[in-house]
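Shared chain: subunit A. Partners: subunit B in the first complex, subunit C in the second.
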Partner chain A sequence: MTAKGKDKTAEGEAKVAVYICHCGGNISDQVDVEKLEAMAKEFPGVTVARRDMFMCSDPGQNKIIEDLKSGAADRVVIASCSPSLHETTFRNAVMRAGVNPYMYEHANIREQCSWVHHGEAATRKAAGLVAAAVGKARHLKPLESIRMDAVDHVTVVGGGISGLKSARDLAMRGLKVTLIEKTPFLGGNVAQLDRLFPTNEPAAELLQEVVDEVRARPEIEVLTCAELTESEGYVGNFTLKVTRTPPTGEEECERLRTVEAAGAGEGRFVPFVGILPEAVPATEETREISTGAVVLATGFRHYSPPKGLYGYGEHPEVITLPDLIRLMAEKEDTGGMLEVNGRPIKSMAMIRCVGSRQIPGIHEPDENGNLNEHCSRACCTATLQADREIKEKYPETVIYDFYRDIRAYGRGHEEFYVGASQDGVLFLRFEPDGPPVVGPASDPDYALSVMAKDTLLSGQELDVPVDLVVLSVGMVPSDVSGLIDKMKLPVGADRFLLEVHPKLRPVELANTGVLLAGTCQAPMDSTEASEGATAAAVKAAALLAKGHVELDPYVATVNTELCEGTGACVAECPHPGCVTLVDAPEGKGKKAEINPALCTGCGMCVAVCPNVAIEVNGWTLRQYEAMVDAIVALPATKELVEA
Partner chain B sequence: MTTQEYPQFDTLVLGAGIAGLQTALDLAEQGFQVAIVERDPSIGGKMIRLSKVFPTLDCASCITTPKMAAAAHHPNITLFTYCELNGVERTGSGLKASVTQKPRYVDPDKCTGCRSCEYACPTFVPDHEQGGFTSRKAIYVPFSNAVPQKAVMDPENCWICGKDGGQCVQVCATDAINYFDKPEDFTLEARSMVLATGYELIPDYSEKAFGPASQHPNLITSLQMERLLAPHGPYMRALRPSDGKEPDSIAFIQCAGSRDLNLGVSYCSRVCCMYSIKQAMLLSGALPLADITIYYMDIRAFGKNYEQFFQNAKAMGVEFVKAKPMVIGGTEDGAVRLRYEDQEGGGGGMTREHDLVVQALAMVPAWNPEGVVDVSTATDGFIKSVKPKIAPTLTDMDGVFTAGVAAGPKDIVDTIVEAGAAAMEVSNYLNQEALVAAE
Partner chain C sequence: MPDTPFFEVNEAIVCSGGEDLNACMQCGMCAAVCPWREVESEFIIRKVIRLGQLGLEGNEFEDILYGCTTCNKCVVNCPRSVDIIGVVRAMRAIGAEMGATPETLRAVIGSCDSNGNPWGEAREKRTDWMNGLDVPAYTEDTEYLLSVCCTSCYDARSRNIARSLVKLLQKAGVSFGVIGAEESCCGESLRKTGDESGFMKLAEANIGLFNGKKVNKIITTSPHCYHTYTREYPELGGEWEVIHHSQLLAQLVAEGRLEVTEGFGKKVAYHDPCYLGRHSEVFDEPRSVLEGAGAEMVEMPRERNFSLCCGGGGGRVWMETSNEKRFSVLRVREAAEAGAEVLATGCPYCITLLEDSRKTEGLEDQLQVLDLSEVLAEAVG
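Take a look at the complex of A and B:
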């Protein structure tokens, strides 16, 4: 394809500065950066080429600013890491030099080069990437970002502790919030707990406090029994459809009856249910919400062990830690022995890392082929907390705690480990390839036997008689596949939602304006989930505080002189309403028109236009041609390396 | 600079490490005016001194330097480096902080960061920024990524080498050097404050635990190992300090001072497992033939993708030994001798020698608020949170918040999230305060 009507940028006038980053060795260990600098100096249009250990550092950025200010260059190419990391950093530097921020082209010579190629091949590829970027840079034109008004409203998806905390924080910040929750209840997984480590404060009090605040805030609208069914738009201006459905699920109805039986009414906490904030809807209804940002707080569910794993589902005496927590909380404290199903628990086993820290080749994937390689983070201290509670209430119960590593990492957590050890809990370490085996009791006084090898000191084979086995089940993400499809959300190998970068943008998704709060991102305890939620709120607040958002100008534009109104673009565009045919002035037929707010710059219209009348700003056909020409003009690998 | 009067800031952030910078940026982005007070001559904190960071193995500089630059250039952020906070008192409209600008002996308005003074200075001083492994000059720019890029003079070591003042004075093109610079006191007023004062490694554990053997030159700290692995490191390679030899065998001692009621601190320092695994991985890249052993109590790889990182290290051949070794001395060829109980092999004492041994020392608070800011610390010495479950960044002083390791050990990922959370809590405090004032 040839671009008609070549742009007027005179290649000869463009002055390109090239900056090559060593990235502290990340790049320079593989790419011969000195040679690359020497080569770049010879590329057509290049007036300056420099290197720096860290281009993103202040001294590195100052080089760019000095060259632009002195007039040595009028546009820049930066060869460094992925633009997803520091494109904004460099754009800001170019702006500080008084130059249009889009007079900057990026070459990724780290992720796409030095991290995947070695030695000569890396240098060769880096040269190609830089040459192409220089070729394109010579045809860059100043662009203006698209400024759109932003709605001062945030939608929070999920009514667990993270969603509640985010909603409260955003409302205090003065933003309007709609909190949507799938079930009739607020409180999520925290409502399924009794006391929270490390403070041992009741989950009920914590939830009641936050829910009271949320319900008291006029800025917050709570919609229960609600699911997000459609999502359109972009940061600052999303349009969501939310459908509320009367509850029909057996578990939900059971819980609703529990609330009724408890006589707790609306707004009061009911243990192991949560808080019913309002009556459930009687009929199905769908409403549309205009919102500026979306906070996802869709949480986790407990790993559900397959039948037979450690005897689960085969022996009634094998239960999970959440089962134990509930059982203990609901049992009236009458002294004496802990009893489960009428059986006094003389001794019991805790088995950790059930459905967590699975290792390929050792553990079996589930029916969907998934393996949970992650650590579930909160179960270690939760198990220690249970150990201690049992020892406190029923000191005669012998506890064998089978573990791989005790991960009591948090503030105040180690005290639980020390305390449990002092209480006489017996900790027995196992290796992932030699887990304990739960089977019928060898001692008739007990329900079960746990066979294990003591991997420390003795190496002895143990046969531990127990009346109860408790599995510390891990966390897996809630099933949000519908949401993932609708909003095109990135998901990690662990199936949790994937942040842009764990340190640069830890609570943001690649979908601008969509934020992550709590355990939909990774396992966390309730403290960490609350903090994640608050951090997500601050990002939403910063996005919407200005009242407008700025979008990248990489959108399609129509050259009305070339457009013949064929409508091919309208048929091809995947975004409804983005391209339309409008009457041209003076009765010159129809012309295509683009709504830049809806255009994602995908370029499908460009490909189908028979007249080459549509271009994507910042990615014009002329620029592509220049990139290809520059690559083709490079000498062959051998000459290049020997040069 | 210090004689200037400043209007009231919305927030004063104490500490310009990653926690303080992120809090400041998240506030400034919302339009709040932020002052950052930093004790060091450069912002960046501990993170800018690290090599690469887990679990992504990004270079620490790649994450920190852009945030440093963003803070330095943000129209809503004012930096006060090389300043000491003396006290904070509550006034009617907020907080009044008394601050001392320590003398740089270099006028920051004139200094261009050209380093001519540094090159001319004849005095070599052990460089703390490089783990003490190399030297710096008596007048110097703290490190290559420092912000601001301004020289600072160390009067303890400057002996005014020339007849007409030092050689630095003679080469300085902008007359920036001032031998007569003095500390200057000034006040900053702010409506709120965030304590992001970070950590130090436990200072006296090694001596207490290992006695004279702790003086072995090839027994180093984890932060020294960070310097050995860093791109601007002292040797630009991972060499052992005593003789510059490439170590064939490297060991890590975990929980050196952590989880140790007798000689150290009772708590887990939370990051050492992961950074030791990371250092082991980087070393096995730099020295593919070296044997690497990590002596541990429990491997606490709890964060997102951390367990996978740990399993990768095992697959790469890093040896994990469950033991808490003692350092019992050295060998003639410079190795460090360890003794430990062989728990996995049926007990009994084992002795092993390693060319280089790294102690994963416990984190302790870098700053004690006592007598300066009226906030409480918990029994662990870190700043006490009054709402540890739902809002861990709240302290027991109204309008004063905390973030990062100042509020207990945590890794960079958790610190950055907490910094964001602190910024939100501060914003809401400021807004509520404004609403109350309006009524």
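Take a look at the complex of A and C:
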């Protein structure tokens, strides 16, 4: 520290403190940090330059706070790791010193420097990065985060177990909720199940309980036969358009007739249909909803096997696991052998990983070129559960269960695996490139033959005679391409919606205020989907609880003195409604106006403005110029390193 | 031609006592810890179970079906605690019905049936080991019945175990007696060969005999008898307080009822017999007997639950095993490498096999094989 530096600083000018982190050798093994510190002291505007083994440690942070409090500096540059790691840490330290948290600039001399360059080159680049950061820091201005009022209402899209649970939890938190469901029914895929593992609780009871509560809560409005058709706005202030359409689809009408035939009426669960919460709309209607956050709970659909896969669509004795679950649930007899379509099932085959864990080069992509490389997670235990139920009800039916791996990972799931084994289910392992082949029976007493290689007996070939083949189909995301387009939602390589970070922000989308609940995000069982739903509800409530939302101040601002209302910015802005032309007072023509809540700070408007009338806060043109100037002012490489 | 699984075989194994057959998930832990991995062998217990699950051929060969020594190492390591020995026993029982029992075992089974012992010896010679000793007969006033293993009744080397034990019991003033010729083999190994009816016959005879004599407490000289009396007879009506001689001797030493005068100054390695250690979880008492005798203990690399089977269990003590496939050969080498002068143990089968391998390995001058009662008897003087 540095009497010399202080002398250089003219009164009223910025006083920059530079802190150089060793990162325990991560940086200092490559960057000559002592030389860097000495150089930093010479950069214009620098009043303090220091080093520390770990700037993120308490002693490191205290240095910052002391220098700011003592008046030795009024802004800081921290040269350390990526800002994605500790930007918040350092911003908070600046704030604790009583200084505006935006009086802080960062130089990444680890990921962008010591980890990718060595020796002199590393030191040289670090000097450039620090010089530029100092240059910019001298022109920093205090900024305030943007505060917008928030609507205390959440829209939940999807009426399956995740959507229902999210809606219920939000209402319990005191928020108003609109639950939108595309079909006439609540319950989603869980309504297509009989019993839920690991407890074997009836799906009917679970859904009835949750739907009863959702319908009873005055905070919740349920809109069935409804789709989100338009979405505008930002966190705290979305405007959605929802269109309700009388059902016309064959499957929906069939299900409506089933409900009528069952005489169940509104609000009562009907197996393999769900719960009709209210009469379907008679005419199409569209309404506007003002909402603060959106929870997406759009769910999954079962993989539909193409004709010919394991004999599916060719032999009537080849069915899917959901088919089997329904078939079993609708049977009343027990004992002896399972009977399907009048045929006693002496033995049957389960085949797992159908439409899941597909491998490029081995499995055929679908007609859209997609492969399902993901594990669908729920099917392993669901198949074991079916194994056990068959063995319990029809002990004389022999089950051959063909698997690649058994992933009974959840609490209480392994017990299904052990139980099925003890019940006498025979498990046969196959390799992805040597799957079982379903074909005509070689034994006339049976319907089909499954030809397989037992990898547990060095590939011994087996001819397994069966009367039924059940394909354990995986999960694929529901088709939400319309929503993805309208709301610009991020999608993963697996085509499920993609969270920001699996641990730090596991139910948040990059679109602030839009949250993920359940299987729209990834394959999950109903336990995990319910967990996700609760998490999404908590996150939505946290966003809206204060009555306002705070947004980063890095948004465009218009200098109305310079703006001539050319509209170039309006044409270029990628965010609808973000920049508009408004009438200036006193008849001074049109001027651009920014809605900061919609602005992402992308800078497109800045680039096209002919009058340099728009700037992005925190990244002004003056600041860029200062960075360039600082880099240009550095001595040539050789001199620098030898100095 | 591909094979077709024959599920009826699976069901037959389950019905014959192999209830855990299908609980096996084929992870292979059993085969990895099996002593047969130590030598060249076709016997892979995982594969044996797999063939049984699918009802496929391949287990009918003598070296496969009768390969298992029932050492229990697979069972204690199985992540699903599958009763693998029960499955093997069930498969052998089915094999026996189909006439697959090996010739040597048929002779053993026949001898058990006619003589009450597996060694082809006359019943009345059962008491020959006592010659020259004054061994009391068991009466209702006697505290312990001393139940001597058939091997130690008939085998010349093994008789010394019973004789050493009798001397120690008398020196300590223990109230004990023998029944003698009326006793039969406990049937442990017979049952493991799959001869369930032969086992039941022996068990019923012994239980009737012991209960008739109002027996309360039993000392066994073999871990195999100990295991049978404690684990298998109770459900057939034989419930007594059973103690292996190592446990009783440990008590007597601890109570000061056996005074060690000489001290056993040699380096001793203790070999845990499978049926005393892994099966019955008696690990410490034999060691304390040896320590009490003043032995300098050396441990072999594999001890307690990881002990290496001698190769004599599951009926294999009566079967021919070529020298390069004998686990007992590996075991005496291990003892010699550990620097032991004495390889001590507590099972007549182990003694028989280890003695034999000591000779074939040329370790006669270097290594003694002794029962722990023999070590203690020498120390007590």
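The rule is simple: the second predicted complex is superposed on the first by the 463 of 643 C-alpha atoms of A that agree within 3 Å, B and C clash if a C-alpha of one lies under 4 Å from a C-alpha of the other, contacts with A are read in each partner's own complex, and residues count from 1 in each chain.
The rule is simple: contacts are C-beta pairs under 8 Å (C-beta built on N, C-alpha and C of every residue); 3 or more make two chains touch, one makes a residue touch a chain.
It should be emphasised that the depicted structure is a prediction, and the values quoted were computed from it without experimental measurement.
When the shared chain is aligned, subunit C comes close enough to touch A:347, but subunit B does not. Touch criterion met: A:421 reaches subunit C, while subunit B stays clear of it. When subunit B and subunit C are set side by side, the one touching more residues of subunit A is B. Of the two partner chains placed by superposition, A:336 touches none, neither subunit B nor subunit C. When the shared chain is aligned, subunit B comes close enough to touch A:412, but subunit C does not. When the two structures are aligned on the shared chain, A:398 is found in touch with subunit C, with no touch to subunit B. In the superposed pair of complexes, A:316 makes contact with neither subunit B nor subunit C. Legend: residue contacts after superposition of the two complexes on their common chain; A:451 is shown touching subunit C, with no touch to subunit B.
In the superposition on chain A, A:577 makes contact with neither subunit B nor subunit C.
Of the two partner chains placed around the shared chain by superposition, subunit B is the only one that A:61 touches, whereas subunit C remains out of contact.
Once the two complexes are overlaid on chain A, the subunit A residues touched by subunit B in the first and by subunit C in the second are 406, 418, 429, 456-457. Put simply, subunit A touches subunit B in their complex at residues 22-26, 53-54, 56-61, 81, 85-86, 89, 92-93, 96, 161, 165, 169, 172-174, 196, 198-199, 201, 206, 209-210, 356-357, 359, 373-375, 377, 380, 405-415, 418, 429, 455-459, 492, 494, 496, 501-504, 506-507, 521-523, 526-528, 530-532, 534-539, 541-542, 545-546. Of all residues in subunit B, only 26, 29-31, 53, 55-56, 58-59, 61-63, 65-66, 68-70, 72-73, 113, 144-145, 147, 149, 230-232, 259, 261, 266-268, 270, 298-308, 311, 322, 343-344, 346-347, 378, 380, 382, 388-393, 407-409, 412-414, 416-421, 423-425, 427-428, 431-432 touch subunit A in the complex they form. Listing the residues of subunit A that touch subunit C in their complex gives 347, 398, 400, 406, 417-418, 421-427, 429, 443, 451, 454, 456-457, 460-465.
Per the touch definition, subunit C reaches subunit A in the complex via residues 2-5, 7, 10-11, 14, 20, 22-26, 46-47, 50-51, 53-54, 56, 80.
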